[in-house]
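In the two complexes that follow, subunit A is the common piece, with subunit B as its partner first and subunit C second.
== the complex of A and B ==
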């Protein structure tokens, strides 16, 4: 133990040289590709182009509060994130509880569930455009076959159903991930608490509520954190499926930032909006991390 | 042990109840399988159907005459062959860079006691850079690449993906290094090896499975990446497969076969990769937070 500490500790400057050399390239890359862009982004968010030239100020941030498109996109982002999170969590937990047993063909099942979540998001978009196409998509085609009138079911082309459609696609792709993490969590729970509950004669529901759920809480928090971060920044599938439309019906904040920067070339305003998104994800992840750290071990 | 307790638990309940549960279990299993796979299968059939059968009603799920014309059309007649090549080059190059740079940093963080609690602080800082939403850095990176005259080059994507994958490599490899006992390196050092020698000859061979799994994850992420590729490359010479596919979706709505063929090809490497890292999947997707 004594020896091991001496081997790895950096007691003098010579000993620091090697780890410093090992760390330098990584830190340089991250400074250049994460920190510098962030600073660059701050400076452009503080600039506005006017007839008199570039002026500095908080104009871009002030605009946010009166921009109804921005506020609507923010609202869409929350609706999207919360609905998808709730569905994915409940379905994933249900499946994990149901399948936390020895089951024949479990390997095949696991492997098949991996497919949706590993697909490129562009391919997910293509897959579901084909499924949801109102005229020859397989969903409406199959519904027609069993005698359902599909005239009003235009899915991604309908202002009412478009949001529902993009949420369903996210649930399709990411429920397996929630399921796999929660299954791993369930299998890490020791048997003793269950035996104790059995001896106490508690019902299934009581066992679930007082034994399983508290012991699964760390896994639940981690998977909710990871999904929330991804959902708040969603871009790819919605871009392919609806491009934020029809009209503005599925425009989330990432799509609106993209449009502002790369269609209207208003980089300063786009940067200002991106800081709102960054602040939002930071605050929410900080809350989750606080909760995770409050867990024993 | 586990199953025995569960069996006892089940036998305490009514037998009918457990039978109903077992049935429910298999129904859920089959429903989940169908729900996961049917949409992907449908896309594969579209890529193999003639245009007449693509638009047929009722939709032919199983019986149709397969054709490879859309694959020929996409990869020979149109530019998808180039996009495929760009995707492959960018994916492999950025993964290699991220692995080399990230593994060195991970080793330093896992094995050296740095002053000022830097091990923990640097690790958390590196992790936090991965948490930025992509669109936040996409805007300044576009402007930076424009200033450097690197827009529409493969180099720009290799650089950006290296930075994107780096935090992931550091976190995963830090975990794999920490799982190894330290005695092995000490023995190598006693035998007169240098620390670098100990890393290359003793430690790396032992973390090869972890390194391979990490590499596969980087390959998947780079292969699938869309937003940076969309922002940084708009010409045929530097466009990746996802951007090429997305362009067809929005421009030529009618060419479903070409689009499906390209998308089906884009899936192939991912399937191979994903199945090869099944064991590490949960750990990888949660940045090492869950060791499932």
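== the complex of A and C ==
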């Protein structure tokens, strides 16, 4: 405190003007494109439009608790995020460990694994929608060829398989990202701890559990944090694959927010839901960040 | 220095906002065949009159939000907008459209042309049928019943007049045509029950035929009436003869099955008719027949789906916009639109010999249109249709029984209406 006061008093007006001038454009853009919309969305989340006119209050937030669609969509979002996260992490870690070794064709594997991640989600959605088509799609076509009865395998059209299908597509697309970050983390681990473990006679499992995993922890937490934030707001693939259907089986929060705002034109309620999603994402992120910082150096 | 910077900014911004030009119209249209015809008409109009018409084109899924956001913000960006008819009550309710009657009177007309089909014109009034005129109908779609004439003749069946006929025919075809489509199964019928618009559009004709009504005289939802539940049960029963996965089908899935010859009957929109005679797409050339919708306890009604053209209340060029609107919906110009593939909204054009020769289904289309019913006229239709569609889809995918689905749908619709009060 003492120090900063001295810092400011040391500066004269002229010295402050130049940095302020340089910062001004960035601040203006931030103000216009982030701060103003944020404040505006807070105000509209407190407004409810009725025939009688606009009423102010927490009505939109109160409505969340009695809205079956919202609560179901929230449940779907968590089922989707947790299942996809676990699969992507385990697969990504496995692939990273595998391709961290000196095996033949490692470069080809590494490069081709990254292709799904490079594709826009919309393209991924369209491609998988065609492949998962129960009548004309290549997946059921292949299964039929090898003699499997595909009559009940309607994938995105089946209330039981639709969620599984959209999760599988996400895993297909984003496992490479987890793999990439974890591989980078693995390659940053120095050789010395492994040599020490070898001398101490630890088994491969013990080495993995007591050397690799602790040293990889920062990378793991970062990739989990990024994936969690992305998964909670998933929109594009699901919108293309199922549009939230069949029925309501794959409707997530983002889809429901979109529908409420742009189909039902209820921006107030959509804003209220967005803030709930934002709050949840923040809480979860804070937990991750605390875990990262708790890392003893 | 600060002041100079500020002044520069002010000058830059000021020069960006130009002064409004006269003799210029801006049109918001949907991309696709409906908007394309209006776009071409706009080009013709420019040549004829010198009025410059610029066209803003949006995909169907964005058009509603673009238009409503713009009109509510009163930017006056558009002088004419294309509206899908279920959106009309919302726009009229928000009071963002121009009442056309004074403009017509000024031009010596007491009202819109009597040549327009009554059911189409009724959509343009708020309240429905009786109120002031806020739009004119441009494209006159209404559902038709599609069926395979060759298969009906093969099994000596008459064209279906009731939904029971349809069910019986679907059963016969499904049981006998096991190698009909390139050695594969021909399904008796193809329904579409993806949540939202698809399920609701496919269900409404059955619902109405069974005597169901969405709202009672006091505007309270009644979808879970015994008739409503029976209608949904019928849709599920008919689904046994529909290709697997139909609970997530949209119009294009239905079209694909019919074109491939893998399904024998369906409800669909007239826009699909021309593709059945297209060598590249169709395996059923000359085999399809189009007729009005079957009945049950009540006579059959198609769902109407018209494109309307309206003038935003804040348009700076209302007079010029009215001139264009009357020109574009005149018999002469609408005939050109019809030749470009859009069903007209004028009786005279449905009977025009030249057009009937090109579009043999026109007599059936006119009968269907004249006896059609609109989706319930409520500003909250998008939200109601979404909720209703979810439960219809769930019932068709086997998640809920017909009764559970209708009870839950009724409760959700009730909630939507209560919130609006």
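The criterion applied here is as follows: the second predicted complex is superposed on the first by the 271 of 297 C-alpha atoms of A that agree within 3 Å, B and C clash if a C-alpha of one lies under 4 Å from a C-alpha of the other, contacts with A are read in each partner's own complex, and residues count from 1 in each chain.
Here, a contact is a pair of C-beta atoms (placed from the backbone, for glycine too) under 8 Å apart; a residue touches a chain by one contact, two chains touch by 3 or more.
Because the structure is predicted, anything quoted here is derived from the model rather than measured.
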item: Partner with the higher number of touched subunit A residues, subunit C or subunit B; value: B
item: Which superposed partner A:33 touches (first subunit B, second subunit C, both, neither); value: first
item: Contacts of A:219 with subunit B and subunit C, given as first, second, both or neither; value: first
item: First, second, both or neither for A:126, with subunit B first and subunit C second; value: first
item: Which of subunit B and subunit C A:70 touches, first, second, both or neither; value: neither
item: Touching partner for A:174 - first (subunit B), second (subunit C), both, neither; value: neither
item: First, second, both or neither for A:262, with subunit B first and subunit C second; value: both
item: Partner chain(s) touched by A:159 [first = subunit B, second = subunit C, both, neither]; value: second
item: Touching partner for A:243 - first (subunit B), second (subunit C), both, neither; value: both
item: Partner chain(s) touched by A:50 [first = subunit B, second = subunit C, both, neither]; value: second
item: Contact residues of subunit A, present in both the subunit B and the subunit C interface; value: 135-136, 243, 262
item: Subunit A-touching residues of subunit C, taken from the complex the two chains share; value: 64-65, 68, 90, 193-196, 243-249, 256-257, 262, 380, 382-383, 386-387, 390-391, 393-394, 397-399, 412, 419-421
item: Sites on subunit A touched by subunit C in the complex; value: 50-51, 63, 68-69, 134-136, 151-152, 154-159, 162, 242-249, 259, 262-266
item: Partner subunit A, residues of subunit B touching it in the complex; value: 1-3, 5-6, 8-9, 12-13, 24-25, 28-29, 32-33, 35-37, 39-40, 42-43, 46, 54-59, 61, 101-102, 104-105, 107-109, 111-115, 122, 126, 129, 131-144, 159-160, 162-164, 166-167, 170, 182-183, 185-186, 189, 195-196, 220, 223-224, 226-227, 230-231, 241-243, 245-246, 249-250, 256, 259-260, 263, 266-267, 270-271, 273-275, 278, 281-282, 285-287, 289-292
item: Contacting residues of subunit A [partner subunit B, same complex]; value: 3-5, 7-10, 15-16, 18-20, 22-23, 25-27, 29-30, 32-38, 40-41, 44, 94-95, 98-99, 101-103, 105, 109-123, 125-131, 135-138, 141-142, 144-145, 172, 176-177, 180-181, 183-185, 187, 191, 194-195, 198, 204, 219, 222-223, 226, 229, 232-233, 235-236, 239-240, 243, 254, 257-258, 261-262, 267, 270-271, 274-275, 277-278, 281-282, 285
